[in-house]
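Think of it as A, B, C, D and E in the order they're written, each chain with its own count starting at 1.
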Amino acid sequence: MTDNSLITAKTISYKINENKLFHNLSFELGEGCALLIKGKNGSGKSTLLRIILGITVPTKGNIYKAASIQICYLGHKNALKSYLTMRDNIDLMQLKNHKELNYYLDLLSLKKHLDVTVSSLSFGQQKKLALLRVFLNTSKLLILDEPFVGLDDATHEQLTNFLSNELIMGKGLIFTSHIPCEIKADSLVLIN
Amino acid sequence: MEILKVEFLKLRKKTRIWLGPILVFWLIMIAYPLTVELLQDKLQIGFFSVLWIAILISMMLATEDIFTEDYNDGSLEQTIIQESSFSTNIGLKVFIYWFLTGIPVSILSFIFSFGTTQNFGLSLSIFPLALISSYIFLNLFVLGNSLSLNKGSVLGAIVTMPIALPVLIVLGKSITALQFDINFEGFILLLLGSLSIIIVLVPIVVSYIIRAHLE
Amino acid sequence: MIKKFIHQFASPKTFLLQVDKFYGLIFFTSLCIYIFSIIWGLLFTPEDFVQGNSFRIMYLHVPASFLSQSLYIAMAVSSATYLIWRVKLAAYFVIAIAPIGAMTTFIALVSGSIWGIPTWGTWWQWDARITSTLILFIMYLGLISLHNSFSNYEKADKLLSWLVIVGAVNIPIIKKSVDWWTTLHQSASITLTNKPSIDPVMLYPLIGTIIGFFGLIICLILISSKNQIFIREKNKSWVKDYV
Amino acid sequence: MEILKVEFLKLRKKTRIWLGPILVFWLIMIAYPLTVELLQDKLQIGFFSVLWIAILISMMLATEDIFTEDYNDGSLEQTIIQESSFSTNIGLKVFIYWFLTGIPVSILSFIFSFGTTQNFGLSLSIFPLALISSYIFLNLFVLGNSLSLNKGSVLGAIVTMPIALPVLIVLGKSITALQFDINFEGFILLLLGSLSIIIVLVPIVVSYIIRAHLE
Amino acid sequence: MTDNSLITAKTISYKINENKLFHNLSFELGEGCALLIKGKNGSGKSTLLRIILGITVPTKGNIYKAASIQICYLGHKNALKSYLTMRDNIDLMQLKNHKELNYYLDLLSLKKHLDVTVSSLSFGQQKKLALLRVFLNTSKLLILDEPFVGLDDATHEQLTNFLSNELIMGKGLIFTSHIPCEIKADSLVLIN
């Protein structure tokens, strides 16, 4: 465990009903580093992320996190309230008073739809709204589960640029993606 | 106290969560005189029974979705990964639900009691009874719901029923106590005592159950 | 043919321009009639020898009760027009009327209750007309909450219209069953149905208040419909010009 | 008849949908005698009122999710784009729900009536009343739920209640008719008549409403 | 409208709350042809598909379909019951007795998970299960809304091959995708 390590995993294994998902995984993530977790569908990428987050408990092994580290997480599910408007969801995510909110609403061209209920938004618009959580994050570590799903090319590029920038600023990033992207990252391949 | 703000916002927008149970309570209380062929003065015979059942049902409806929605859309995960105490959050959430459904329902209970019995003193005593019992029921149903979260099973109802029935019995007894003016305070204290234990234990138990669900 | 005709004359644009011509006229006549009759009714009619002065609440209660149902019928007609001929203006009317209908029904209920305290000695009675007014009030609430829960207006309009029509079918049924329930009710000692015929001294101002109230409510509906047009068609160039 | 198979499969797996309402019905009926301090012979005064309310509430709970789930997961769209008659499907679906909740609840109504009144003839007459009224209530709530589809059960309840109250009044009336033995068949026929109209109209109206929702 | 046309759209327009989503679109799809609908997030691709399906009514214009044509549709939503197992879902989709079921379960490596409830499956596995509807379809026309989302590379390729094959067999295909894919298709770009 080096000094600027954000997160360290030591020989973690995970089994479901005696089926091994992965075995004796170890890795370390330092500031400014990105880790891309790869693997086939069902190989356990999302499960690994949830273990890192501390939601799921590994069958064996341990996760060490830097003291009082804040994590920004976006999973397969958007954590949006589909019956509320975009504006209310932003309020719920407590991003209403964020000073860069306006900038990103413009960038993602969401501004026009602020008063549309989330369930009426297009798939990609919902994803973009969920990504506001990432764009406006104040955490040291980002954990993103397939953040590029459903985004059009322009938004894809914006997200890539943003994440690359965050890395330069010394944040940590762990993510999965089946879509190729240009973020410079180590990869960890799960084989099952 | 972030949770208070967030929950209030959600509930302000999703009025049906709290307005619905209140309306259903109201409708049951309206339905009662419509289905019986009684003179005004006989109306009170079954009245309190219907009242307690209506409170039970409305609290059941109020809690129906208390965690399911957050579980399904992924918000629960977001809540859990923030360090702040999850069980306190749950306790506060139950409190808010009670504030928005329990209190109005209790006030309505008072009004309907007065309308039916025309007895102000009696109806006034109904108010604290309704307040306490609605809070107890809320907690019980929250427990039941956390157990059956996404399971589409009746687990929750089955678990809650054996605990809810004794409360109903005590409520029935306290009406008799009220009418004959014997030891009514005793019943209130009994209910308050149970409530104070439930209020502490339920959020803790529920937080463990939900964590187990998410794993 | 009919469709074309209706569409031409029931376009929001025509409506908006026509309303402004008639609006002021309707408003001032009804306001005058109402104020005149209410002053007449309140100040210049003798005390009722049974009810004392409390009967004067009638000048609010009776027009409100009367309108609560008329407005529902108006909504039902508009809804049918919308569903059959797809006249957008009709849909605007429906949602413009709903809250006003709820309001008048509420006024009828509250004023009736207040009236009941001195006359019946109770503020509530499970009487046929009262019960069905209460049910009507619930229906209005249902309509409004249904419409409020959609951000897509076209969808909301369509669903609202369906509900209004289903409700309209239901109104006579409610009336029938409720009437029937109370007529069989052994204790129906007080009803609104068998009124002693009203003294003409009170009747004329009453008719005046009904007409005046009616006119004022129509003005409210016109304003509220205009408002709907602004909300819905705010991107149309002629609306921008108008504003 | 594909729909029958499909719905039965879903309901077999998600027991909460039909077992839940039956349990809640049972809970209310048990709660009634527990909350009143009455001698056996006075118990029946409010009994039927509670019975009709219990049937109403259990049917409300049974239909709560009848379309919401299919709407949210996209299955409704799949159903709609297949050519087969959508309104027939809805009619059949309501029938299945009635079969799994209405019939058990009616049988329980008979049992509870007999337990309370000890009058076999009277209780036997309750059975068809319960069967018919539960089917009517189901249809009404289906209508309400289709309107409020993904907006929550409460909206559905508000929308439905004005239609349900008259049915409750008729039910109350028919108990009096039964007890005084006057024209009970008339009431049954009246309810049957309403049911036969409702059974035909509701699925058609609902199919239009759902299509409008999906648009 | 030519003879082997499966679907023809004539000057269709769609507005929501007076906002134009698209205006005067016309196209025709013949047997063995594919149409890729492109556009930014929220440009109305999904809406267009729903109009073609007849779920949404266009504000103006008409859609003509070949007589009694069967359509196989998969939207953003999977139309799966999350509380049922994969096996039960296959039963619900009425594919249980399809003779090629086994082949595709193997191909998509779903067989191992037949008794897992859908909510426990990974995101990609759920999508693959939903795609069984497509792989085992018996329709003349396929309408797919971003079918490649969440799939790993192997599955992506299998789906591409399958669809190309269907085209050769004379079926029609209308689909959207933000992920590049190798299906030979005309494209229709929505601009808003």
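We adopt the following convention: a residue touches a chain if its C-beta (ideal position, glycine included) is under 8 Å from a C-beta of that chain, and two chains touch if they have at least 3 such contacts.
Worth saying up front: this structure is predicted, and the values here are computed from it rather than measured.
Summarising the inter-chain layout, the chain whose CA centre lies farthest from the centre of chain C is A. By C-beta contact pairs, the most connected chain pair is B-D.
Distance between chain C and chain E, defined via averaged C-alpha coordinates, is recorded as 49 Å. Remark: chain D and chain E have CA centroids separated by 38 Å (rounded to whole angstrom). Taking each chain's centre as the mean of its C-alpha atoms, chain B lies 24 Å from chain D. One inter-chain figure worth recording: chain A and chain E are separated by 28 Å, centre to centre, where each centre is the mean of the chain's CA atoms. Listed for chain C are residues 138, 145, 152, 154, 181, 184, each touching two or more other chains. Multi-chain contact residues of chain E, defined as those touching 2 or more other chains: 76, 82-83. For chain B, residues that reach two or more other chains under the stated contact definition are 14, 16, 27, 30, 34, 37, 151-152.
Residue ranges on chain B touching chain A, taken from their complex, read 2, 6, 9-10, 13-14, 69, 72-75, 77-78, 80-81, 83, 214-215. Contact residues on chain D toward chain C in their complex (touch as defined above): 143, 147-148, 151, 155, 158-159, 161-163, 165-166, 169-170, 172-173, 176, 205, 208-209, 212-213, 215.
Contacts from chain B toward chain D in the complex involve residues 14, 16-17, 19-21, 23-24, 27-28, 30-32, 34-38, 42, 45-50, 52-53, 56-57, 60-61, 64-65, 148, 151-154, 157-158, 161, 164-165, 168-169, 171-173, 175-176. Those residues of chain A lying in contact with chain E across their complex are 39-43, 45-46, 76, 109, 113, 121-125, 127-128, 146, 149-156, 178-179.
Of all the residues in chain D, the ones that touch chain A in their complex are 150-151.
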